[in-house]
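These are the structures, in structure tokens.
One chain, subunit A, appears in both complexes that follow, with subunit B as partner in the first and subunit C in the second.
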Partner chain A sequence: MALFITKRLLMALATVLVVAVLAFLLVHAMPGSPGAVSLGAGASREAIDEVNGRLGWNDPLLSQFFRWLGDAVQGNLGTSLIDGRSVSADLGNRLPVTASLAAGATVLSAILGIGLGVSAAVRGGLVDRIVGGICGLAVALPAFWIGIIFVYLFAVQSSVFPATGYVPFEVSPQDWGMSLALPVITLAVGGAAFIARQTRASMLEALQQEHIRTLRATATPTWKILYIHALRYASLPIVAGIALQFIGLFGGSVIAEQLFAMPGLGQAVQTSVSTHDAPAVQGVVVIATVVVVAVNLVLELATKFLDPKLRAS
Partner chain B sequence: MIPNVAPAPADSAPATAAAAVQPKSGQRAAFSKISASRLFASPGGVAGVVWLAALVVASLTAQWWLPYKTEDQDFTAVLSGPTAAHWLGTDELGRDLLSRIFAAAAGTLGTSLITVIVGVVLGTALAMVAAGRGQTEGGISRVTEVMMSLPGTVIILAVIGAVGTNIPLIMAILGVLISAGIYRVMLGQAKSLQSQLYVDAAKVDGVSTLGISLRHVLPGLTNTIVVQSALIFAVGMLIQAGLAFIGFGPPIPQPSWGGMIQGASQHVYDAPWLMVPTGAVLALTVLAANAIGNALGKAPNTGVSHLPSAAARRQRSVAAGAAASVAEAGAIPAKGHLSVRGLSVGVDGGTPLVTDVSFDVGPGTVLGLVGESGCGKTMTALSLLGLLPAGVSATGGQILWNGKNLAAATEREMEGIRGRDIALISQEPMRALDPMFTVGYQLTAAIRRLRKVGKAEAHAEALSLLEKVGIVDAKRILKTYPHQISGGMAQRVAIALALSGRPRLLVADEPTTALDVTVQAEILSLLRSLVKDTGMSVVMVTHDLGVVADICDNVAVMYAGQVVESGRTANILDNPRHPYTLALLAADPHANTAADMPERLATISGQVPQPKDWPTGCRFMARCQFAGSACAAPVPLLPSGSEDGLVRCVKADELAVEGLEWLATEVPTHRVLKIVEKDLA
Partner chain C sequence: MKLLNSTARRSAAVLAGALLMSSLTACGGGTQAATAVNKDTLTIAVDSDSASFGFDPLRVADAQRQFFEGLYENLMTLQPDGSVGPGLAKEFSYSADNTVLTLTLKEGVIFTDGATLDAALVKANLDRRSDPALSAYSAIAKGGAQEITSVSVVSPTQVAIKFAKPQPGFEKNLASTMGMVVGKSGVADTASLGKTPDGSGPYTLDPSTVKGNKYVMVKNDKNADAADYAYKKITFSVIQDPQARANALVSGQADVAMLTSPTVDFAKSKGLGVSQIGGTLHTMVSFDKTGKTAPAFASEKVRQAFQFAINRQSLVDALHKGDIAAWNALPKDSAGFTDELNTKFAYDPAKAKSLLAEAGYGNGFEFTIVGSAETQTDLQAVQKDLAAVGIKMNIKMASSTDEAFAAVATTPLGYAALGWDNPVGLMYGVVLNGFTNVQKASDEQLTAATGEAAAAKDDAAKKTALTKLNTRLVESGWMIPLYESLTNQGYNTKKVQQVKFAGSNAYPLLSSYAPAS
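The block that comes next holds the complex of A and B.
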């Protein structure tokens, strides 16, 4: 187990490193130099060269990368070319927004998805067909479209939830929850449908296992067979599905943040890409990767812990 | 939004489940080539094809039929709903929505296709390489794992930063990211195709790795390729629309679905209608692609649930209520006496699997149900516990246990019988135990439930039960998981589990078939001593006449869903009356002693007929050496003359008088020679 964890940790580190290189190269392939971007249109050639020289833009790529990496390891991701703010500090403020959004959407997806998937598998018949239909529709509808419809229904028609904006948890936990409600529900629609399908398939597979017959032969009550034994057997692929979904929802938050005007990482990616703010793009890609890889690692370890075969070895 | 593509669980997942249960048939089914009939058999698939085809045609011919140009502005009708002039309404600049939606369609569909082609070609190629050359698999899998754990959306946006909104290029890069998920789906299938015998044969014949991949593996993957393409196509459209929505779509005046929805979102307060047409067309197109994928990807229904769905269980209770009145007519039985009368089992609303089976099992006796695979022994045995698989049920007759007809009992009544009165041990002990729980948990849970005792007492009882079934280090075994013990040990645990409710009748479904020969003997002697010590009776399903001779007091020989001969074991083995029993004995190497071992063992030509092919007359007629014209009429089960024996053969007496034996058929000599000559040549 220790060996397994070490291997996975190294793998995660390698992943982040690969992405860091990738982000670095992409940023260097962006049109325009940092000087041109930060000084804006109409800046003189000399002024631009001066800024580029100060930022070390013309140094060999390798030494630029290692300088960036050295700073990044110490928590310094450089400063924005647009407003001169520290990228680390800015992303540090934004991370809680996206984290609440993605975590909330993942948890809600898991609860809804497992509930729907289990009832579809267990009840069969009409319930199964209805859940299947809902899931099919939910997967086909784009999240941004669903989000706008929710805004129309819950913010325009009846002002149950605020249409846009984000209230930090420290300011008011209640308003924080209210401000997250619509974006979280929006993202959870597709996520829940995905997890419901995964759950349904895994439950059906679990119920096809021969040990279910043994349990029935020893008079195990049906609820116990379903919710203790079959669900336990199905839990491995379900947790794997949730891990996968978290990555998707983390990416999906780019759209949710845009739609609901939330100051999260997604908004930062969108703005920095539009403005060619190289250090910001580089920083946000790496931070997003670290978060996603870390959460994946935790969920993967959870999967291994759920499997007696792997736990024992 | 990207990883929704990863190994699509959709409707195709049960294929793997089925493969796990029935390795051979399940796998073959999954490799079926693309079938248009399967696509058109599904209403969703048909609708999907129709919609996509209509959309492609409409968008390609758009310039001839569209009522307006995409940039035509009608200031008299800004933000209008559907009107005669603008069927789907207009946007904030008075531009016609219908025209803009269809003008945008071709670009959306075309660029999504780029993602499909790049993703599917790359994913499939990687899977074929990994499957073809084992040493590359580790590396490729590791790289794809990394790709799948990346925040794809963020990376795509960073790419946009570098290359601009060059949609075809971005969609191609998206295809590369997605190929990791496709690789994962394809790899398993490509690997099992690689391990097929005909691929080994091709390798021996010197076909190159590339040749094998293209000729033998790729064709087997076509259906999955089409399914994945359809699903990725849908994902591509959604992602493209999402990018356009956040401002990374085609340059401004050019219409795109995502951009149009973004525009509509600005007017959700004053013109909510604007959301509807574009959203609906996008959703319908995604639905259409998914429907095609699901219609083709739907695995044939091979796996069988061991727990009927709630709906099925309700039906059973209703049926049981209706049949209950018939049940009371049985004679007054002895305690612990099982009497099966005219039992029929069949697929719901279809083929019968077992017809008119009768037998008795007295307390402390062992009955063997013998026959070839597929003759209905296991179905008969499972019906005693009401544990027939979903979709199969007892359709007639009675199973009288202590005077109660179990064939008509409700699920709730059966729960009171199972474990306490009648217990089950099955063929594969490893799969009969729950892999997720320790032996101790499973055993104590059953003891607590069936004996209504506390935790400590149940634990002590579990230890003593394990010792009773011959496990020496019971304490350690209690703490293990099923995968940590051997097959023989697992079967002992399964027997202990079956004994936990002190049953009066044990149904043993081929309990030794999956075990090593030495372990088989141990398990049989354990069962024998349990019968002696506890006085319980056993219904032993087996195809092994040695097991019958070893442990059974009585035998019922089954063939094609019927009992063809029954009686005391000694009588049947020494003096078989039915030609099928004769044949089974003649074909058994153990039944012949060394002295009279024939030169060639007998065989029974042909196969057990499928239930749908059962004739009205004798079901063994087609394979019987003694068949005559009289055999074509239905044959009753009649006393055979030796004690309480019964036999179902019109010629039984004739055979007995003439002392006929089942003969080994000669292999024509010319055939043997031919093979040898050919090999030498």
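The block that comes next holds the complex of A and C.
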């Protein structure tokens, strides 16, 4: 097991490194330079060159990359070209927002998706068809449209939830929950439908297994058969689906952050790309990659734990 | 398959109940929060990052004046009626030839760095004018239309500003971001302004600020005029999506919000107040009047043909409901506005064709314009009108901001939203000598009219000069106005008094917001 984890950790590190190199090269391939970005459209060539020289922009690429990597490893992702803020500190403040959104939406979609999927598989008939129809609709509707409808219904018409904004947990746990409610539900709708379909298919297969028939023959309580034995058998693709949902939601939070004016990584990406703020763009890419790689790592370990065949190997 | 027995159903019911309970708990909190009225705080929802370049007021245009008004003070101040009054400079005087402006400064002004205002600090500020990043200073930098050649300290409370040429009425510019004064530490270490403001304004920046999302200001007790501001705390909440901004206002997350015209009816239907003012002209601008990038644009008749070819009313009806079709280069509330242009350049494709034929382009011509996501639909509407008179306008979407900026030198025509609060400043800084005239075209009538407007001593003279300027801008085809958009300030009538604009300025003074009685 230790060897397996070590191998996977090394693979994860290599992935992050490759993405960091790509992000670095892409930023350097963009037109313009840090001097031109920070000084604006009217800057003279001399002024731009002076800033570029100060930032080491004219140094060999390899030297620039290793300098950046050295700082990044120590938690320093550089400073914004636009206003001189620390990129690490800024992203550190934004990460909890996006993580709360993605985690909240993943948990909610998992609860709803598993519940609906199990019901559809177990009850069959009309319930199966209704769940299937709802899931088809939910997958087809774009998240921003769902968000607009929810805002209209629950913020504009009834003032149940706030329409925009984010309140940090440490300021008020209740307001934190309130501010996350609509964006989380918005993002969870599509995810829940996806997981419900996955769960239904896996459960149907699980319920056909011989050991389930044996359990029923031995009068094992139904809930135990469903939620302990069958669901565990069906859990591998469901867990994979949930993890993929988290990754997708983490990367796709831009829409929710825009619609609900939340200060997350998606908003940072939008701002930094539009202002050509290279260190900020690089920082977001690396942070997002680290999160995705970490989730993948956890997924692999969970898969190994859940699947006896893999565990034995 | 019927495996779900009563136990399983009970489990499901418990789960559903728990979810419902958590929702209801959340609902209760939300209703209470939404109805609470706090008269000490004001939240203004704005459409863009108020401090995208940090907290140096000289790096931003006048559109950010309202935000920076909280943190910094101006040498001259904008008054509620739109006129200009004393600010950090309590008095001013001009030399006989209008080439030297002497300011007498207030005493006892303290900045957040602890320094006090004096003539040396004002000089240190204005001496930053050679810094190309300071867009507020572009007109007074070397080669600028209102170039300042030197700034000298006359006494600790008096500073003299010398211009390259006579600048009567220059003091009006000091009520814009150009006149904001940065403290000693900020001037010495301008990079620090990226993160920390250094002003003497009625508010200071609160640490709860989140860059690009919300900017929180709290009352600055060291400011002598802070009592004129009704709120102890003001939050600028950045909500880029126009519908989300309107939603925030309706649901109580914002007390005041900048609304787009399409969301005004929605806000009104929810019982909110909406104050409106015009002033922003969405105009096609002839970048090239010399024919360097497209020979046809050297001809005034061709540029005039555009005026007749475009069906402005149709464009407004289709795409900008609530806004006003424009045939004037200056807004309808401007002293230079004239109804004559509305009829003289009314939609007339036949006239456009005839002008093109007279200019030698009877078979039409082709050119390219650089567009953006914001301008694309407008340009497509114009494209259709132009095609009807034989002009083929290709729309190339800008792939970067750099490309959009470069278009002023590489394409003959552009599209911009222009505010005309300060027509003389705009003419000198943008139209005659600025970025919309990279090809260095000249027009004697425009230069003369601008000069007349700058020198106008009374309202009548100003009206005459601005009317000439407006008429010539349209006749010459330097400007091809399309529509005038209304600036809409939605406000929660239960919490905020009716929002009032300062004259024709599209951004109300922060001091003008007050709690509803």
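A few points about this structure:
As a convention for this text, the second predicted complex is superposed on the first by the 310 of 313 C-alpha atoms of A that agree within 3 Å, B and C clash if a C-alpha of one lies under 4 Å from a C-alpha of the other, contacts with A are read in each partner's own complex, and residues count from 1 in each chain.
We take it that contacts are C-beta pairs under 8 Å (C-beta built on N, C-alpha and C of every residue); 3 or more make two chains touch, one makes a residue touch a chain.
Nothing here was measured: the structure is a model prediction, and the numbers come from that model.
Aligning the two structures on subunit A places subunit B and subunit C in a clash.
When the two structures are aligned on the shared chain, A:Leu259 is found in touch with subunit B and with subunit C.
In the superposed model, A:Val151 makes contact with both subunit B and subunit C. Between subunit B and subunit C, more residues of subunit A are touched by B. Applying the stated contact rule after C-alpha superposition, one finds that A:Thr271 touches subunit C and leaves subunit B untouched. Legend: residue contacts after superposition of the two complexes on their common chain; A:Ala201 is shown touching subunit B, with no touch to subunit C. In the superposed model, A:Ile225 makes contact with both subunit B and subunit C.
Applying the stated contact rule after C-alpha superposition, one finds that A:Ser38 touches subunit C and leaves subunit B untouched. Of the two partner chains, neither subunit B nor subunit C is touched by A:Phe24.
Contacts of A:Asp175 after superposition on the shared chain: subunit C is touched, whereas subunit B is not. Of the two partner chains placed by the overlay, only subunit C lies in contact with A:Ala47; subunit B stays clear of it.
Overlay on chain A, subunit B versus subunit C, candidates 128-136, 308-316 or 344-352: the clashing stretch is 308-316. Within subunit A, the residues touching subunit B in one complex and subunit C in the other are 31, 122-124, 148, 151-152, 156, 207, 221-222, 225-226, 258-259, 274, 276.
By the touch criterion given at the top, residues 1-5, 7-8, 11-12, 15, 19, 26-27, 29-31, 33-35, 45, 49, 51-55, 59, 132-133, 135, 138, 191-192, 194-195, 210-214, 237-241, 243-244, 247-248, 250-254, 270, 400-402, 405, 435 of subunit C touch subunit A in their complex.
For subunit B in complex with subunit A, the touching residues are 1-4, 6, 9-11, 13-14, 16-18, 20-21, 142, 145-146, 148-155, 157-164, 234, 238, 241-242, 245-248, 258, 261-262, 264-265, 268-269, 272, 275, 279, 282-284, 286-287, 290-291, 294, 303-307, 309-313, 385, 387, 415-416, 418-420, 423-424, 426, 428, 431-438, 445-446, 449-450, 481, 483-484, 494, 497-498, 500-501. Across the interface of their complex, subunit B is touched by residues 11, 14-15, 18-19, 22-23, 26-27, 29-31, 122-126, 136-137, 139-145, 148-149, 151-152, 156, 190, 194, 197-198, 201-202, 204-205, 207-222, 225-226, 229-230, 232-233, 237, 241, 244-245, 247-248, 250-252, 254-255, 258-259, 265, 269-270, 272-274, 276, 281, 284-285, 288-289, 291-293, 296, 308-309, 312 of subunit A.
Subunit A meets subunit C in the complex at residues 31-32, 36, 38-44, 47, 80, 82-85, 90, 93, 111, 115, 119, 121-124, 148, 151-152, 155-156, 159-166, 174-175, 177-178, 181, 207, 221-223, 225-227, 258-263, 267-268, 271, 274-276.
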